[in-house]
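What follows is a set of structures for review.
One chain, chain A, links the two complexes that follow: it is found with chain B in the first and with chain C in the second.
So, the complex of A and B:
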């Protein structure tokens, strides 16, 4: 692997070098940043033009200017970065670092959600090929894929933020909403479950009644005015998490794993009650520590109780522990919502910016503040990425499920769960890896429209602003970061292939 | 075996859960009480209250949030790099001076900051007196040293090589120690003398200067900066600095200049400079900066004038087309979007919850006819004036953005300025409001030019409004005999073509400030911005007189002379002033549309929440 990586790095370096030259020449030839000053009656116009000439070395021809820039940029390899100055004289590196931080915060969260949800939906639609669910998802995927972000963003601002915030001030759920939600939930459940008509009908009925009851409960208890996860809900949801984790990793043929996950869930419920005082105003470190502790405890329970199924039990218990931890986290967050809402004047879902300026509150309130600001841009990014992931996963999964080795696995008498998760899914992930890696590289370059519309000054906006001037140094700073990211993530994809597919590793 | 153990454990755990559930009831109530307390403390609006948390109206602890598109990047708005609207927006009420330009582009004296009076006309002598109580927000008195720093920086007196220029003597290749945005005015003064700690300074002009009242102005490129901070960075103190100016000590001045040039430039990676570096001399001081997101201004307790009406002003960076929805959602209280039919209908849809102040800005669109190229013939220029559908352009293209928009009939006085009516009536542009095709045909025939003369109108592209303007001009002027050609150019080629004078007609806008120091460069036969080859002795005489006029009452008449000559020679006609709007929540009082480049925050100390 090492020679392979080194060879790749070596080639990538020269690709990047060539690309910087092309981009630099293109940007520098795109226009003269001093032109913007020509329409000014400013008495200091001449001085400003002189200063800009100095900041950007505009008196030097493009090719020597590129090499001067390259000299500074190569310093990055030995820790002495000099990416030059922007047109206004500030160092490029400072602005770039801030933009980078902002973009990472925005993108990482969205990317994780898009991958998890997109891949899951893709897998389900592949397993339920040509079902109503499959067609609906295909329809929605194409719809979202083709929607312009700025338009979705405007709609979301209006309905998910402004109208939702207004509604939250006096939440009441009209009956038709309950009916529609219940029917939609029923249809989704029926589609996911599949099988014969009676089975689907049962799933439809069960899911829609459950959702309807839940909504009525919300309406009657005015849940949204003071949202929380009560003890009953916590116990039920922990149990569901335990069962789901078991189903994913081990199945129910042997009950040992189920018992292990259920014990983990019980510990989780105990923590839900016991940790209230510790979690009143925790530090980030404490929360992360508790999560790690939960995973360790989960692994411990799995190892202790797993017996013959130890490795599955450990994984299932860790997932359960993670799920219970998430539930406790969510319940604390929800409990902090009314106080937070009062502090920000009811603007729970924000339409603009990364945080409320000068917001101060306890851990839960600041977390809510960040989540409230992340919500809309994340949805915008997720909706678009998810469409692509769903499609790719579906086709890749379909191809794998029709392969000979799947038939062999089934013929061996493996359970359908094992066939799908161990033999099918793992192989189906290989092409997805490439797409995810490219996507990560691309997203680090910023989601220009999403950032602009939601007021995040990330890489996309940085690039856009720089190009408008046009400011070659700033554009090159941007290009260097994104170019490197794309090269790196491509390489990570190549390495990941090796882990997913032993054949690649061995060759 | 395994199975029994598991069941046993489960049972034990379940029992424990039940026990804890019993305690859970009480812990639940306790957590909800904490929530309630924290909510009420937030409602009280302490220092920790968030910006959207409005607190109690009209009391201390309140916050008003303003949306701005361009990000702050320099505390020194007088330096070449820092003199930009983006920076002035923040320091409008942080760094005050002896005068300011108000929202209608009228120069006002800032008597709270200090006073000045003309003590002699020959030579022009102005005596500045700081207010007795004037102190920087760190407690250091404002006085002689601060005045001298402003003078040293903006007079262009000190060269990088350590030599010193004389008043009015601009070196051939200036390489000033201080990167001042402008040296106009102060470059004509003699070095003022004062002792450290003096509260009054006398400035003597070598030659008279029209904008003498604006020499130490609160505006883009003119604010007073804290000398003690620069002196400290240079390893001395205010007394040392005063001495260095007195003795033209190049070594000390270089260190001071280095700090003045870049010491106040912000670095996003480092965040807001230490409070000791950015003291305030106005109703607000800069309290926090979140790069890319917001700047927070808080009331300056050391401000000696009328205190600000609102404790905290937050400036959030939001692109103009997103500002209306941010206003609607309640995340900002005051916005300055670009008025266009979309913005206007979005604002109108918000109904009574929002107040909007539409108006014109000090940026005026005009069509310049080049005497050097296609319009050397005066009769042709006359024809071009007569066929111009000026009123129609305003009605079709500007009124949808600004319902009150009017045709602009002066190149030097805007519709909103006092004295516009008189200036417009006298200018002569009013005769060309509606196209007079017959008159244009006659003038065209008198020019002796063959019909169908190609006229290239250049303008910046993409700009749909200007494309439409040219289309309207073409629809009318082609009837008079012209063959108008629309030549949209990207900013680069456009700038090159305009500065080289390579056009028959140029459609563009100048942005003004309400001061007159820059007017001569636009119309003087030798003016740097006059690339159309205009040359009229009347204009030159009026402008040369304007440059040295120290009596504000003389100025309007001189500007009118310029307008009249521009119209009489058919050189250039004004069309409209750009539309602008400031919109704010109906429970905010105070914001008004600012026509100049200093934006709505020019009077933020008067903003207040009323309900």
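So, the complex of A and C:
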């Protein structure tokens, strides 16, 4: 493996070098950054032009200028980064670091959601191929493929932010919304469950009645005016998490795993009551520490109770612990919502920027503020990338489920769950890993439009602003980061593929 | 004896040889029709309902865009043009009405300005049509240019192997490293002022990488096939083998990839124009229209809805056609999808 990696690194380095040259020459010849100043009537414009010429070394021809830039950039390899100055004289590396942090916060969050949701939907549609659900999801995937981000962004600003905030001031749920939501939920449930008509009808009825009852409860108790996760809801949702985790990792034949996850859920519910005082105004470190602790406790319970099914029990209990932790976190967040809403005059879902300017509050309020700002751009990114993940997972899963070893697994009498999860899904994930790796590389620089629309001052906006000038040093700073990310993740994709699939490694 | 009967007889003969007791049952009961590969593909495509509906809609949209306000000096049938300002009537609200009277609407009426007017009083239907013309033009030119370059580079790299391949593929790697939106924006900044056609060719010059890799892969496997060896043994020159023997076998891959390239190009052009690196005023494109009027959404939403709907319609139909083509060219696909 080592020679392969070294060879890849070597080639990637030169590929990146070639790309920097092309981008530099193109940007530098795209226009003269001093044009805007030349046309201005500013009395001190001669000085400003001189300063800009100095900052960008505009008196040097393009090719030598590129090599001067390259010399500074290569310093990054030995820890002395010099990416030059922007047109206004600030060093590129400083502004870039800030923009990168902002973008990563946006992209990582969105990517995790997109992968989890996209892969699950893709898997379900593959298992229910040519059903109504499959066709609807296919159509929606194509629709999302064809949506311009900026267009859907404007719609979201109007309906998910402005209208939603107005609605939240006096929340009321009209009956027709309850009916439509219940029917849609029932249709989805029927599609997911599949099987014969009776089974589908039962799923439809169960899901729609449950959703209708839940929404009537929300409407009657005016839940949205003062949202919270009460003790009853907490107990019910923890139990559901435990059952779902068991179903995913072990199935119900091995009762012992179910008992282990249920014990984990009970511990979670106890924590829900016990941790109130500690979580009044915690630090980020404390919250992360508690999450790690929860995972350790979950793993411990799984290991202690798992018996023969230890490894499955550990995984299922850790997932349950994570879910319970998330529920406790969400309940605290929801409890802080009314206070936060009053502080920001009801603008809970923000349309622009990364935080409310000059906002101060306790941990929960600042978290809510960040989440409120993350919501719309995250949905925009998720909608677009989810379509691709769904399609890839579906085709990959279909390919795997038609393979001979799946027939073998069925023939030797394994349960459908084991066949799908252990034999099918794990193999279907191999090509998806590569696609995810490539996507991560691309997304870091690819959120240009989303960032522009939502006034998010990350890498995309940095690039956009720099190119308008055009400022070669700043654009190159952006490209160096995104290009390196793409090359790096391309490599990671190749290596993980070889690592996950022995057939590739051995040949 | 007609071709079909011949084929049926041949099929039954083959059948008889195969299982030993066949005596022409196929020739009596079932009629087996011999079809060429092209006929099979066409059949599968024409039976793909989503693709056929999409194709019809796309053709209608293209016809509407190019005949309504005319193109390249040829006048169209629509009374307004997209550049003359006029008097703003009723805040420029659309006069199009599709709500029938018996449901309490105004009945079907097109009115003076069906899509409304912009803030200068220009007819918004004409503007949207102009935007659609430019966006479609750019998308198709990008598709053609990108496909040509991708096919040539992929074919050369796949056929010749050796240093030609490594050189071309490393160059492809270099181009892939640069995010498409980045290089397109840089080129748009440089060439966007020179008109949509130049912009389209320039975008096409950077959008060929995926296709080149695909074609190279196809060539790598096809060049080892027996029919290529036979052609080589007969003394055929490389250009003849590439263009007459291998390339026709990759038509499926190329068609599908080119269609998806066009869908990508539509979205890329609108994104570029939205960022201000694409088509420039006074000309217009769908992306530029959305960009210009995105803040008018709360007050005059029609300025935002129409161009967006046209972008989605064009991109969605092209994507569906690509999907239908992929299914049609897939040899594993025996079942005709409803």
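One rule holds for everything that comes next: the second predicted complex is superposed on the first by the 500 of 507 C-alpha atoms of A that agree within 3 Å, B and C clash if a C-alpha of one lies under 4 Å from a C-alpha of the other, contacts with A are read in each partner's own complex, and residues count from 1 in each chain.
Keep this in mind: a contact is a pair of C-beta atoms (placed from the backbone, for glycine too) under 8 Å apart; a residue touches a chain by one contact, two chains touch by 3 or more.
Computed from a prediction, not measured in an experiment: that's the story for all the values here.
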item	value
When both partners are placed on the shared chain, which of chain B and chain C touches more of chain A	B
First, second, both or neither for A:416, with chain B first and chain C second	neither
Contacts of A:346 with chain B and chain C, given as first, second, both or neither	first
Chain B versus chain C as contact partner of A:338, first or second or both or neither	first
Contacts of A:23 with chain B and chain C, given as first, second, both or neither	second
Partner chain in contact with A:274 - chain B first, chain C second, else both or neither	first
Contacts of A:222 with chain B and chain C, given as first, second, both or neither	neither
Touching partner for A:97 - first (chain B), second (chain C), both, neither	first
Chain B versus chain C as contact partner of A:475, first or second or both or neither	second
Partner chain(s) touched by A:452 [first = chain B, second = chain C, both, neither]	both
Doubly contacted residues of chain A, that is, touched by chain B and again by chain C	30-31, 154, 158, 162, 452
Complex contacts: residues of chain B adjacent to chain A	2-3, 5-7, 9-10, 13-14, 16-17, 20-21, 23-24, 27, 31-32, 34-36, 38-39, 42-43, 48-54, 65, 71, 73-74, 80-81, 83-84, 179-184, 220-221, 262, 265-270, 288, 290-294, 296, 312, 314, 316-319, 322, 325-326, 328-332, 490-492, 494-496, 498-499, 508-513, 517-519, 521-522, 529
Residue numbers on chain A that touch chain C, as the complex places them	11, 14-16, 18-19, 22-23, 26-27, 29-31, 142-143, 145-151, 154, 158, 162, 442, 445-446, 448-449, 452, 463-464, 467-468, 470, 475, 478-479, 482-483, 486-487, 490
Residues on chain A engaged by chain B in the complex (per definition of touch)	30-32, 34-36, 38-44, 47-48, 50-51, 55, 88-91, 93-95, 97-99, 102, 154, 157-158, 161-162, 165, 226, 231, 235, 255-256, 259-260, 262-263, 266-267, 269-270, 273-274, 276-277, 280, 305, 307, 335-336, 338-339, 342-347, 350-362, 365, 369, 452-457
Interfacial residue positions of chain C with respect to chain A in the complex	170-171, 173-179, 181-183, 185-187, 189-190, 263, 267, 270-271, 274-277, 287, 290-291, 294, 297-298, 304, 308, 311-312, 315-316, 319-320, 323
